[in-house]
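Chains here go by letter, A, B, C and D, matching the order in which they are written, and residues are numbered from 1 within each.
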Amino acid sequence: MKELYRTMRVIRRFEERTVDLVNANEIAGVTHEYVGQEAVATGVCSVLRRDDAITSTHRGHGHLIAKGADVSRMFAELLGRVDGLNRARGGSMHIADLSIGVLGANGIVAAGAPHAAGAAWAFREAGTDRIAVTFFGDGGINQGVLLETFNLAALWRLPLVFICENNGYAVTLSAEHSTAGSMVDRAASYGMPAEAVDGMDVEAVAVSAGRAVARARAGEGPSFVECRTYRFFGHHTAERTMKLGYRTDEEIAHWRERDPLELAGARLEPAERAAIDQEVEALLDESLAFARASERPLAEDALAFNYAALEPRRGVAR
Amino acid sequence: MKELYRTMRVIRRFEERTVDLVNANEIAGVTHEYVGQEAVATGVCSVLRRDDAITSTHRGHGHLIAKGADVSRMFAELLGRVDGLNRARGGSMHIADLSIGVLGANGIVAAGAPHAAGAAWAFREAGTDRIAVTFFGDGGINQGVLLETFNLAALWRLPLVFICENNGYAVTLSAEHSTAGSMVDRAASYGMPAEAVDGMDVEAVAVSAGRAVARARAGEGPSFVECRTYRFFGHHTAERTMKLGYRTDEEIAHWRERDPLELAGARLEPAERAAIDQEVEALLDESLAFARASERPLAEDALAFNYAALEPRRGVAR
Amino acid sequence: MLRYQAALAKALRDELANDEAVFVIGEDVRESLRGVSRGLAAEFGEERVLDTPISEQAFTGFATGAALVGRRAVIEFQIPALLFIAFEQIVDQAHKLRLMTGGQASVPVTYLVPGSGARLGLAGQHSDNPYSYFVHAGVKTVLPATAHDAYGLFAAAIRDDDPVVVFAPAAVLGVRDEVPDDPYVVPLGSGRIHREGTDVTVVAVGHLVHDALALAEEVAGEISVEVFDPRTLYPFDWELLAESISRTGRLVVYDDANRSCGFAAEIVATAAEELPLVAPPRRVTRADAVVPFAVDLERAVLPSRAQLATAVRQTLREEARP
Amino acid sequence: MLRYQAALAKALRDELANDEAVFVIGEDVRESLRGVSRGLAAEFGEERVLDTPISEQAFTGFATGAALVGRRAVIEFQIPALLFIAFEQIVDQAHKLRLMTGGQASVPVTYLVPGSGARLGLAGQHSDNPYSYFVHAGVKTVLPATAHDAYGLFAAAIRDDDPVVVFAPAAVLGVRDEVPDDPYVVPLGSGRIHREGTDVTVVAVGHLVHDALALAEEVAGEISVEVFDPRTLYPFDWELLAESISRTGRLVVYDDANRSCGFAAEIVATAAEELPLVAPPRRVTRADAVVPFAVDLERAVLPSRAQLATAVRQTLREEARP
């Protein structure tokens, strides 16, 4: 529990600091905050091994932290520095760490699902018991590529777990207005175990995900878990200026009462909790300092990493 | 019943003659025979009105005939003549007759499904009770675009009927090896009525489809019908030379015992049936003669019909 | 004076008012993140402004089907990459249906991409300028550079009976211009000379039109630059370009799309084949590279005014090859 | 002597034997309609030859995922149009992952399209030659013209650590050539001069290489035609073309893809910018048109040897413009 709380706390504070950095123009572009959904990434990744793989989304910071990514290098990535996980080439939407099995965040909804399926298959064919998890949102469940992947995974009994983070909205469209039938039924119709779980309760998530992971590891095929959760802030950092009216203050307040950090924090001794909070703050201070000290990449290297090798490289005179 | 048998007989003999024409090189390219599946198109279209819309597939001749297309102009299309339904621009895979609501055959599996959904929506918004039907195969049920269309149709309660022609195979891959779970469950999970029916029995198909069409027309939303059927010949006319081993002779013989024309023909008086057969032969003789007498299009018109209007048309000196 | 984005919004509103067949479909179009469809659901009814699930293939095909039976669809794609997901439904279905049905089918669908190109920090999957793919397919493709043209070309696209892709570059969404109150169209296929010149024709695309104008001003004492804005990439206004080149004899194309087989390649190729150039033409384009996240890296792969200046000077120094 | 198709099959077999990481995935690849993977499931096991449902987006992404964790995938696409469905997964995912991850990801996937282009009577959706889209995206793109090169380039593509699209034109699948028994590769990015000449360089693509050679033979008494086969469209062998043009000074590109923003546009554009041409270059390409069904109509939109002859003669009559 301490470990789970600690991870959630790192995610929460990482995101809050990230928003500050975006607002201060230290981070370019936009980021999609994970605040409110910490229990999902944390619960799921708590039952994974380092050598298992995940695919993440546009809202990916939480997944990376929970899978064990180095937050110093995450900050460095967001700040566009050479020590970033992606050497400043990816930024928030593409942040990845293949060394710990994070095959990629993704700017395209649900596009990572088949990658996880392919990795899961490769793990099994190699004779290992490694498994893969793919994260996606309630919006993602209406993407063709995901639905096709349900079929491939079930047909080939892949060691794969589908985690749907149902935070109620795809940008402004509510899950109700986007999804016919129930998500659990939809997944179950492919013949895989499917269930919904309270996505604000990290332990509940860990239990559900744990069952799914155990099945996958035992060669019993894929499973689907819908985690019911909520994002406390806008779709992305730019939404603040947009004044959109798709959610009521009451609804937000209602979900904030079930803040996953408060639910988990209440299960700790106050002193224990305070100590963790303090330790996390120190970690983030240090990480951010590391990131800020890291160099910016050189413009002359802008073409690096496009290819493993490309011969001949360019036009005649270029 | 006479009418149903007659339509099936037209389809059967149209297809048999078409194969001869392909083998004689009078028809270019390949065609996908509908032989064995006649009861599906016939049963479904028998409960449609002329002003309802359908989208068809690569295996589309039967759908067109059942929807009421002029077989003379169909033959003319396949022979590449100006009196063809598509003025010789489409051929077998794109044959269409918008005047009777055939929005298109399609060379791409399941790609017509969202077209039918859009048409169904437009019909409803116009305040009419016209409906749309989309045909697709067992292979099509694993295409993302179709699964997305299930969701749109159910979500928006479109007056749309999904007809899955499960003939057991997508080219060489059996439905068993392509589709996890049951097709009916998959469709039903979107919250629409879904059922399977004997696709060799034209009356059974008409009853199931009739229920679905009535629901759509009454504003009760989409339905799904899986028609269990079989194609008696290869995937397309070119398969004959390929010697593929994916089906056994026993399996083919087993299904041939349930030939939809024999099942329906047995319900007619022998004399009645013979008269229909004779009449159909005469119709096809005449139609083919019409088609053969039609002119070939002029090469100088090759660029016509690409655009409603395109100004300026081409490069400076061209 | 209207902002470009507001001009798009006005065109959409006017066309919805003008023709009951017109409807809008896309993700979040009721709330309207980009403002192009803001308020339209309230004004015209939710049945003419459809928020869809994240199902690009299906909703793109849905627009085709509605168009086949008499409606006129406007699809808003939230980001350019969504065109890749709907690619088959656009280039292989909507675009081909008229020919394949021998002229029976009409597919009046407009695909609006409000926010194409790079915007500092949006990285690999949100920075594409994918218009050249549609030019290659032969799909009508529009890329207005000013608010005035944005209004007129968007309206023309909606009224056109064929599929038309309209790209609104991210970098010009805020630019203001005079936009008449009364409805008007800018016909598809007509280019525009923003500034006349005698030494060299610069064909600049989208937001780069403004950049080319700035350069023309900068070098005015030294070089007389004609700034040519195609406005419609397909069909392209060859006549107008031929006239321009007959005056200047020199050509530089300034284009923020990938270089290989890009729009600039087409202009330079046709010019080399058919127009009376007195010196080799030049392209200033994006590198053939994925756009990296860090802003210095991003800038390095995008075409720049400095590169344009170099190319212009270079072409002026050169003569036709012997 | 092996047929082109058999050379592809041999390359696939040799690479499966050579490297356990290699696997094949696609529709009907076990029965193998095109013969490229016939017998391989029996030889190497079904777990290395995967028949998939009709789910192009998912199985293309599946290959990416397997590649990310160490496998090497070969995808067979039954028809070229399937690339449109998988477009996002290829140009926006597989292709971009290396850059977006800052070099962490390696995506060795080969996309084989055995039967690209028109084949009399396959009509609008089965006759595309969509390679220029991939060149624009910057994806490595290969188009062998002979059985020898088909073997060597397909093998090189499979061994390459990046995504590579291999187009096998329908019109050459049956053409025979000497193919050595022992494994070899033809390196990506190297062109080939099939016939030397001094008057004009014809860059011919895919099956048109054979057509260009036939024309060169026909006109040999009159004109000395050099026939240049790029073999790899991206990256292109500019060095070799520069050499060729330095000898001939004249260029005609003969390409069976849509004209606008097509591969021929890129060659002509770069040549016009950078190579010492003594006369305007020419393109002979497909029209920007959907391929119609009737064979006379189809022929009318495809590039022809007669058009090539005209273009060659035309370029010889012309001088560099004043």
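In this text, a residue touches a chain if its C-beta (ideal position, glycine included) is under 8 Å from a C-beta of that chain, and two chains touch if they have at least 3 such contacts.
Nothing here was measured: the structure is a model prediction, and the numbers come from that model.
Peer 1: Please state whether A-C or B-C has more C-beta contact pairs across its interface.
Peer 2: B-C
Peer 1: Please tell me the distance, in whole Å, between the geometric centres of subunit A and subunit B computed from their C-alpha atoms.
Peer 2: It comes to 44 Å between the two C-alpha centres.
Peer 1: With chain centres taken as the means of their Cα atoms, state the distance from subunit A to subunit C in Å.
Peer 2: It comes to 34 Å between the two C-alpha centres.
Peer 1: List the centre-to-centre spacing of subunit A and subunit D in whole Å, with centres computed as mean CA coordinates.
Peer 2: Using C-alpha averages as centres, the distance is 39 Å.
Peer 1: Which subunit B residues reach two or more other chains?
Peer 2: 86, 88-90, 94, 106, 108, 142-145, 148, 151, 155, 177-179, 306
Peer 1: Quick check: what residues of subunit D touch more than one other chain, meaning two or more?
Peer 2: In subunit D, the residues touching two or more other chains are 52-53, 55, 57-58, 81, 85, 88, 92, 99-100, 123-125, 138, 270, 273-274, 289-290, 292.
Peer 1: Chain touch graph shape: choose line, ring, star, complete or other and state it.
Peer 2: Drawn as a graph, the chains make a fully connected set, so complete.
Peer 1: Name, in rising order, each residue of subunit C that touches subunit B in their complex.
Peer 2: So the residues of subunit C touching subunit B come out as 47, 52-53, 55, 57-71, 73, 88-89, 92-93, 97-106, 138, 140, 160-162, 187-189, 235-239, 241-242, 270, 273-275.
Peer 1: Tell me, which parts of subunit C touch subunit A in their complex?
Peer 2: That would be residues 27-28, 30-31, 33, 51-55, 57-58, 79, 81, 85, 119-126, 287, 289-290, 292-301 of subunit C.
Peer 1: Within their complex, state which residues of subunit B touch subunit C.
Peer 2: It comes out as residues 53, 55, 84-90, 94, 96-99, 103-104, 106, 108, 111-123, 125-126, 132, 144-145, 148-149, 151-152, 155, 304-317.
Peer 1: Using the touch rule from the top, collect the residues of subunit A that touch subunit C in their complex.
Peer 2: For subunit A paired with subunit C, touching residues are 27-30, 77, 80-81, 86, 88-94, 106-110, 139-140, 142-144, 170-173, 177-179, 242, 244-246, 296-303, 306.
Peer 1: Hey, which residues of subunit D end up touching subunit C in the complex?
Peer 2: 81, 84-85, 87-88, 91-92, 95-96, 99-100, 123-125, 128, 132-133, 135-138, 234, 258, 260-266, 268-274, 276-278, 280-283, 288-290, 292, 320-322
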